[in-house]
Every structure is written in structure tokens, then in C-alpha cells.
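Okay, so chain A shows up in both of these, paired with chain B first and chain C after.
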Partner chain A sequence: MEYYLDSLSLLILISSFVLVANKRINSYIRTFRLQSFLLVILAGVIGMENFFSEGSLEIIVIALLILVLKVFYIPRLLQNTVNKVEYKVEKDFFLNIPIGVLICCALVMLVYYSVSSVIPADTGHTRIYLVNSISVVLIGMFFMISRKKAIGQIIGFLVLENGIFTTAMLTANGMPIIIELGMFIDLLTAVMIMGGLVFKINENFESIDINKLRNLRG
Partner chain B sequence: MANSVFYIIVQILVMVLLSPLIKGIIGKIKALSQKRQGPPLLQMYYDLYKLMKKDTVVSDTASWIFRITPYLTFTATLTASLFIPVTIYLAPLSFFGDIIMVIYLLALSRFFMTLAGLDTGSTFGGMGSSREMMISSLLEPALLVAVITVGLITGSGSVHGMMQAAAADSITVFQPSYLLTFMAIFIILIGEACRTPVDDPSTHLELTMVHEAMLLEYSGRYLALMELGAAVKELIFITLLANLYIPLEGLIEIASPALALAVSLVFYLLKVLVITVFIGLAEVFTVKLRLFSLPNLGALSFTLAFLGFVQHFMLGR
Partner chain C sequence: MEILVLIIPLVTSLLFWLSNNKKVLHYINIAGSALLLLLAVSVTGRFIMQGLDSLIFLSDLFYFDYLNLFMLDTIVIVSFLVSVYAVGYLNEEFEHGLIDIRKLKLYYSLTHVFIFTMVLVVSTQNLGLMWIAIEATTLASVFLVGFHNNKNAIEAAWKYIIICSVGIALALLGIVLLYISTVGLFGDPHNSLSWVFLYENALLLQGSVLKISFIFVLAGFGTKVGLVPMHTWLPDAHSQAPSPISALLSGVLLNSAMYGIIRVLVIINKNLGSNVYTGRMMMAIGLLSIAAAALFILPQKDYKRLLAYSSIEHMGIIAFALGIFSPLAVYGALFHMLNHAFTKSMLFLCTGNIFLKYKTREISKITGVLKILPVTGVVFLLGIFAIAGMPPFSVFASELNIIIASFEAGHYYQGAAFIILLALVFAGITSSMLKMFFANNVSEQVIHGEVNKSGTIVVVIMLCIIAVTGLYLPEQIGAFLSSAAAIVSGGM
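Here is the complex of A and B:
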């Protein structure tokens, strides 16, 4: 059982590596959807375990919420935004992709180093959970600063949130449901506002490249 | 001694007879996904048989390298396949670090293939050779790191030892470090077998071909040997994945050695089928990457292998 959770958290980490290796906005959205689906499986497994041991349905409810929000609703919202703004295939990153992937690898090393200074050796699975999920947070942050287009930055933000959720889920069996709900509503409004902003940026600058925002400042 | 001779016979028979089938299965999956009938499963056997009977034409400007390359490539690949046992029940040829030997035998065959591509002086050959070298320089470090990681996890220096240690465990793909190296080797498999995201095996379009470009000048028996060598190379990687990561031998307890051998061979065929279906699906769902996007794939597979190493090193499992 424990091995499966290890491997699931690892798959979430790998999916964020795949995200960094992607080039097109459509594949960002697809990879984010995949990662969220893995998160649903993770939350579902933990929820089932919790249900049979304590009889509480909270985590299963949260898993269903993620399924609706992060697997179906938010990707579709983003896809609609992308379809509405003019789609141009152009270079979307500041660093080229192999270097990006290797930097993410270095980030994971950094997390290993810092986690082993926090938790001493041989504490079992918590270490591997922590490393994998905190790495997802850092990779999401890296993704946010390495992409030029606004959609990529939204995806980076969402991946960061996925990482935080994974950390909470794996180390503490999730947060109280009221906090989770608050976070979801926060996330939803944030993404909706950002989607609207992307649309507005595109209207004013005829591109969603954030570098262009510096034109005609003032 | 007799056992080892028996092993070599079984190994070579399985490798040579099974490898053309892989291409047939992948072709069938691809055809089904496009609602076509597709070529028959045994098409490559027919092709090889026909090529064996045909005359070979050799360019006047070609040197001896062009002539020895098919034999050298084929024998080197087949020798490499001897170190990757299809079943763990026979005593194979193995010694400490033979996986490095495998990698270098494959590198030798690739080296001569690229030389032969350059040898005839055709423009496509040179192009294919330089591309092949670029791809191999991207994938080889990842393969070394992945394989050494598996060696560290299982505590063994030879492929047979690794497979035995994996078989003593349960199905190993589900364990974290194994999972990472599995994915790395799968990407490498696709690259080495010239499958879709890296190379398009079904076209002879000058802009996209890599492996075909080097074989362009070959005909008849030479071509048959080169094609068979490439198929065996693909099967080597599939065997590595099948026997390292999905060892089903631990699930059954059979006392009689002959029966155990037969059952493990059947399991082996099933595992090869499953992995081949996965390769076919990867081929259906992806498009060929631009040549300059290949470093992304290389970096990804290297990173996965390296993370597997670190995970094992840091966590001790």
C-alpha cells in the first residue's frame, strides 16, 4: 500500500517535469489535467483508507471536488480562453527546455538537501512524500517565471497549488474541509479573474506575451 | 557447459524469431487506430525472406567498410542480446558489469552503421549518420545512469543478477526508484528503436528519416541483416524492461525445471506483447518531434534516471 502512495506522489512529480518539457499551450493544459487526475486518485486512495478506518467522508468529498474543478472545469475554462485569443505558435520560454528540465532536477536536489536537514534520516515514507510534493511546488514556481505567455503563468500557479495540496494530503491526511473549500473558492475566482485578464491583455496588446506589457508604459 | 550451450541456442532462437513480430504488432496497432486493415502480422518475415533471396548491389565508390558493416552490426547486436536473458531459469553468460558491455556492443554496431552511411558518399547517408550520432549522444548517458541505478538497487553487476534480484522481489515497477528508471529506459527504448517521437520508421522522406537514411544504399541480403539487427536491438530493450520491471517468476512455484522454463517463456511472450502494445500506443498518440526538440526528450530521460539514482541514494531503497 505504502509503495503505491510513494509511486503516486512520484508520478505527480514526473507529470510536473513533463509540464516543464512541454512547448505548446494546449499541451500545458493537457498535462495539468493529467496531474490533477493523479491528484484525484491520490486523494481518493487516502479518502478510502480514512473512510474505512474512521468513517469520515471528508477526503472523498474533496477528491470529488478536485475532479470537478481541476480536471473538468478549470482546464475547460483555460481552453476557452486560449481558443478566444489569437493563437500564435512562437517561442514561449526564457530558457530553453533542456536547461529548464535540468534546473528542475537541481531544484529537486535542493529539496532533498533541505528536507534531510529538517527531518533526520530514516523516518520512512514522510520524507519521500515531502520531497516529491515540495518539489512540485518549486517546479510550479519555476514554470511560472520561465514562461512568457500569461496562460503558462496561470498553469504554473495551478501546479504550485497542486503541490501544496499534495503536501497537505500526504503528510497530514488533508486539511480540515472548511479550509480546503476556502482554498478551492479562492483558486476558482483567481483563475476566472486571470482568464478575464488574459482576455483583456490580448485585447489591448494583441498578444498574451507578458513582455509586451512593457510597451508604452505610463 | 551443456546448459550454457542450451541457453545460447534458446536465447538466439527467441531473439531472432521473435523480433520481426514486434514490428508487425506495432504496425497492426497503428493500422487499427486508423481503421485500416494494415499489413499482416508476419509481414517482416516475408520481407526478410524476400530480401535474402535478392541480389545485392554495391556502389563502386564504397569501401570494405560498407561490405562488412551488415555482418558486424548484426553479430554485435546478437552478441549483446546474449547478455540479456529472456528467462532467468537458464544459466546465462554473465559477468560483473556485463551491462556496460551490452551498451558498448550496441555502440559499436551503431558506429559502423554511421560509418557505412557516410561511406557511400550519398547526401542522405551523411545526414542520417550525423542525426543518429546526435540522438545516441543524448540517450547513452541516460541509459548508463538508469542501468547503473538498477544495479545499485539490486546490488548486482550483471543483468542476470539484476533480473534474479528483481524476480525475488514482487513486481518492481511500482516501487519509486524502479518507476523512475523504467520511464527513463522506456524513452530510451523509443529512441533506440527509431520509433515515432524520435524517428518515423514508416517513411522515406528525406527531411525526417534518421535510421532509414543510413540504410538507403543497402539492398538484398545486406539490407535484411541490417533490418534484422535493428529489430533485435529493439527486442533487447524490451526484454530488459520486461524482465527487470515485470518479473512474474516470483508469483509461481514450480518444482520441475523444464516446466518452469516453459512457463517463464510464456510469461516472457506476454510481457513483450504488453510492452509492444505500449510502444504502439505511444506511436499512435504522438507525432514525430522536430530534430531540435529531441534534446528535450533526452534531458527528460536523463533527469528521470538521475532522480531515480538520487532517490535510491538518499532513501536507501
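Here is the complex of A and C:
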């Protein structure tokens, strides 16, 4: 059991590295879908175990919700948005990819040292889970600032959210179900609003390049 | 009965879609917010009359004590006044053809959803639900910030949703960590996020996890509060939104986010047994916010942006006071939240009238406000002195409270820095803004006389409130504030 969880938490971390190495918007969406699928497996494994030991279906329901929302619905929504704003293939990053990956390695080390300094070593797997999933959060944030296009920022935000979800899932078997449901509703609304704003940005600025949003300063 | 506080704004926001008549929409707006005001007052009254300490309803997800009733009343009163103002403001925009009936409906409906989310923030005791509600405040107000749909408004809305969503996601991580620190301690995990429960058992939580948790919560909700260096969305959103929305954003939204920090702060201070850990961070970030605001206010060319930076300054003051955490300082912080809510929303409403008249936000293009808008002009002038901290207005009273508390607690250097920074801000605000008021020869294009009559009455009422509470705080309100402050500093 712990063996599966260890590998899954590592795979989720690796998938966020893959995201940083991606060049095209379409591959961002595919990587996000892959990472969400890993999340579904993670929640599924924990949910099964929970079901057999305590007979509660809550976590399995959550796994199904992630499957519907994060694996199918949100990626499709983003893909439609990308198709409609007539995305031209052009360079979308400030730093080149190897430097980006190196920065992410540094982030993981930073998280490792800071988590180790607060969480005692005898807490078993909790420490390594925290390191992996907080790293995903930070890599998501790094991804947001390293891309120029609006879609990249939305994907970064979603990855960040995935990282938080992993943290809760691995260390505390998920939040209470009411909270999880509320979070899904918020996330869904947020992504829909962001998608709508991408259209408006495209109309007003003739591009979805965030660097052009520079009228308001000081 | 308490549950109606949540239901009324939601129902009101739906009612707007039933009618296409402008007058009816205005009536629904006023009736909805007036009903909410009456209800909140009656709940508060009953609470005080019966001498309750707390009031749990709807399977202990929701909860009132003096602290959230205080926040609730501030929100409800300010949103009622803003709703009355909005009628005249929107009429004016409607007549100039800036908005049509569909946008009017959208505006009203989203505003009431926005009010609903803020009421939800302050009426729940479940920290997870509170997080959801704070995220929902962003989502409800994004379209209101981008209401005018031009380049600048879209840019402001995009920054607002991206920066605040990321910030609040960090706060979620903080709350997850808080939750982790309870796992294994209590049998039923469904209780583990309830504030009362966490507060009672604060000493049992794992302190080391709580320390990281607080950093994330401060950075996360701090983004929404507008503390430097997470403030970058705030001046844009406040300056681009329509004035009534700016008034709500600055007056009550920032307070509700600060309320989130307060609730977590209380648990962590009780767990650690002192406020040294949280106090250092809060005081540092508070002073940094005041200092940054002082720097940005001085060269500011846009009067709404200037007021937005002043909001950052005032949130910094509140954070500073919460860092000191003595009973007097906490009282000062809460009193300051109240005063800032009224004074700043009054100022933003005044800028609405000025904008309707002059059609520009640039300070240098505006002269002779006192001649052209005699009532709004006077209120705005006095309001600027009030927000800068001039006696006899209430902002001065609460700032004085905080300064005394800071010296009493032995924070001499911080207190001195605080006073110097406040003086800088005072100089910055008055020297930039005073140019607008006087003129030898007012330009011909601008017609004399007030616009938005009902709105002008609202700002005059608000001026009376801040002037009276500055000189004399009615005993009941003072006692109410003290009880709220006792909840915050009670654990120490």
C-alpha cells in the first residue's frame, strides 16, 4: 500500500517536471490531463483502502469527481478555448527549458530542507509526502511566472491546486467531503471565468500574450 | 431565523432576472439590502438582549459570536449605503448610454452574490468553508471589476483573478496543514476544521506544523487583504471597478479577508502560548505595507489609485496592531477596521460623483471641485483629512489607540517607525489631493451642480457617522467592540 502511494506521489512530482519541459500549449493540456489521471489513481487507491477498512465511500466519490472534472471536462474546456483564440505557434517562455528544469530541482531541494527542519523524521512517510506535494505547488507557481500566454497561467494554477489536493490526500486522507465539494465548485467556476476572460483579452489585445497587459502601473 | 441572513442576498440576486424594468430593478436592490440590514440588526439585538456568548445554527457549520457579528454588521451597513448610492450612479451611467438594461441586471445580481459571499465568510465557523467563501468573493467580483469591458478593466480583472486565486490557493495549503496538525488527535475528522473546536483544543495541536501553516495563511489571505508584497492586484482592481464596487472592495472585502487571518492567528497564538512568532511577522508585514503605500502615494496621478494605496496602508495598520496583540491593540485593530470601512467607502463613493462629473481619473485634470460639486466636494475634502488621520475623525481615534498600545507593549522602535510613516502618508495624501479642490477660473465645459442626489445624501450620512464616532463612541458600541476584542485576545 505505502509502496503504491510512494510511487504515485513521486510520479505526480515527475509529471510536473514534464510540464515545465513542455513547449506547446497543446502539450501543457495533455500533461495536465496525465497528472490529473495520476491523482485519480491516488485517490482511488486511498479510497479503496478506506472503503475496505471503514466502509466509507467518500474518497471514491471524490476520485470519480476528479475523473470527470480534471481529466475530461476542464482539459476539453481549455482545448476549446485554445482552438477558438487562433493560437499561433510561437515561443511561449522567458527562460529556456533546461534552466527552467534546473530551477525546479532547486525548488524541490529548498522544500526538502525547509520541511525537514520543521517536521520530525519519525513521522514516517508524511515527511516525504509533504516534500513531494509542496514541490508540486511551487513548481506550479514557477510555471505560471515562466510562461507568457494566458493559458499557461491557467494550467499553472490548476497544477498548483493539484499539489494542494495531493498534500491533503496523502497526509490526511483528504479534507471532509463538504469542503472538497465546495473546492471543486470554486475551481470549476474559476476556470470557467478565466476561460471567458481569455476571450476578452484576445478581443481587446489581439493576442493572449500577458506581456501586453501593461497599461496599469505604479 | 439566522439562516435568513444567508438566504436573502441569494434570493435578491435571483429576483433581478425576473424583471426588465429599470425602476423595479432599483426597488429590488434597495429592498434586498434594507431587509438584510434589518435582519442583521435584529439578530445582533437579540444576541445582546439575551446575553448570549455564541449562537450555533445549521448543524454547527454556522456560528455567531461578537467577533463575527461585528464583521457582519459592518458588511451589511456599508453594503446597504452603497446599494442606495448605486441607484443614482447607475441611473446616471444609464442616461449617458454607458450601460444597458442587461448590464444593469448583471451588475445588481453579481453585487448581491458578492454580498452573499462576504456574509458567508463571516458567518461560518468551519475554516474550510470560510476558505471556499473567500475564494467565492473573488469569483463573484471579477466581472464587477471588469465591468466596463475596456482594455484597462480587462487587464485589472485578469490580474485580480489570477493573483488572488493563487494567493488564496496558498491559504488553502495553510488550512490543509492546520487540518493535518489535528489528524490522529480527535476521533471525528468532521469536527477538525471547526473553529470553536480547534480553539478549545489548541494546546493539543502540533506546533511545528502550525508554524508553517500560519506562513501560508498569512501569505494567502494576505494577498486578498492587499498586504505588501502581495498587493499588486489591488490598485488596479480598485481603480478600474465602478465606484460603488470599489467602495465595497475596499471597505468590506479587505476586512473579510483580514477576518480569515484573525481566526487562524488566534488558534496559533494560543497553541504557541505567546504572540512572538506571529507578532514579528504581522508587525513586519504591516510596517512594510505602510511604508510601500507611503512611497507609492506621493507620485500618484490617479485619485482612485491613490485611495487604493491608502487602503493598503490601512490594512498594514491593522496587521501591525494585530501583531502587538495586547487587548488594547486588538481593540484598536477592530475599531480601525470599522472606521476604515466607513471612511474609505465614503471616499470611493465621492470619487464616483467626481468621475461622473469630470469623466477623468487624473488628478491634474480636475480643478475646483468645491465650486462645482459643493456638497460632495466638502465631504471629499473632509474625508481626505479623515483618512489621513486628522482629529476629530474616528480614524485618528483608532490610530491613537494603536500607537499607545505599541508603546505600552514595549515596541518603541516599531511604534516610532509607525508614527513617522503615518506622518509621511498624511503629507503624501494631502499634498497630492488638495490640488483638486480649488481653482481661480473653473473650466467652462463642466456644468455646476451635484449629480446623483441620493448618493450625495449617502456620503453626507457617512461623514456624520465617522465624525460622531471619532468624538464620542456610544457605550453599547464600545462594549460590543470590547467583547469582540476579548474573543481575539482571550487565549493569551
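In this text, the second predicted complex is superposed on the first by the 213 of 218 C-alpha atoms of A that agree within 3 Å, B and C clash if a C-alpha of one lies under 4 Å from a C-alpha of the other, contacts with A are read in each partner's own complex, and residues count from 1 in each chain.
Methods note: contacts are C-beta pairs under 8 Å (C-beta built on N, C-alpha and C of every residue); 3 or more make two chains touch, one makes a residue touch a chain.
From a predicted model like this one, the values you see are computed outputs, not experimental measurements.
Chemist: Specify the outcome, clash or fit, for chain B and chain C once both structures are aligned onto chain A.
Modeler: Pair status: fit.
Chemist: Would you sort A:17 into first (chain B), second (chain C), both or neither based on which partner it touches?
Modeler: First partner only.
Chemist: Taking the superposition as given, does A:76 touch the first partner, chain B, the second, chain C, both, or neither?
Modeler: So A:76 meets neither chain B nor chain C here.
Chemist: Using the touch definition from the top, say if A:101 reaches chain B (first), chain C (second), both or neither.
Modeler: Touch status of A:101: first partner only.
Chemist: Any idea whether chain B or chain C touches more of chain A?
Modeler: If we count touched residues of chain A for both partners, the winner is C.
Chemist: Look at A:116 in the shared chain and tell me whether it touches chain B only, chain C only, both, or neither; answer first, second, both or neither.
Modeler: After superposing on A, A:116 lies in contact with chain B but is clear of chain C.
Chemist: Looking at the overlay, does A:127 come into contact with chain B only (first), chain C only (second), both, or neither?
Modeler: first
Chemist: Touch test for A:168: chain B only (first), chain C only (second), both, or neither?
Modeler: In the superposition, A:168 touches chain C alone.
Chemist: Considering only touches as defined above, state whether A:4 meets chain B (first), chain C (second), both or neither.
Modeler: first
Chemist: Superposed on chain A, how close does chain B come to chain C by Cα atoms? Whole Å, please.
Modeler: 19
Chemist: Applying the document's contact rule, which stretches of chain A touch chain B when the two form their complex?
Modeler: Answer in residue numbers: 3-4, 6-7, 10-11, 13-14, 17-18, 21, 23, 97-98, 101-102, 104-105, 108-109, 112, 116, 127-128, 131.
Chemist: What does chain C use to touch chain A in their complex?
Modeler: Spelled out, the residues of chain C in touch with chain A are 61, 126, 128-129, 131-132, 135-136, 138-139, 142-143, 146, 149-152, 154-159, 161-162, 165-166, 169-170, 172-173, 176-177, 179-180, 183, 189-190, 192-193, 208-209, 211-212, 235-236, 239-240, 296, 299-300, 305.
Chemist: Applying the document's contact rule, which stretches of chain A touch chain C when the two form their complex?
Modeler: My answer: residues 115, 118-120, 126, 134, 137, 141, 144, 150, 153, 157, 160-161, 164, 167-168, 171-172, 175-176, 178-179, 182-183, 185-186, 189-190, 193-194, 197, 200-201, 204-205, 210, 213, 215-216, 218.
Chemist: Considering only the defined contacts, which chain B positions touch chain A in the complex?
Modeler: Interface residues on chain B, with respect to chain A: 174-176, 179-180, 183, 293, 295-300, 303-304, 306-307, 310-311, 314-315.
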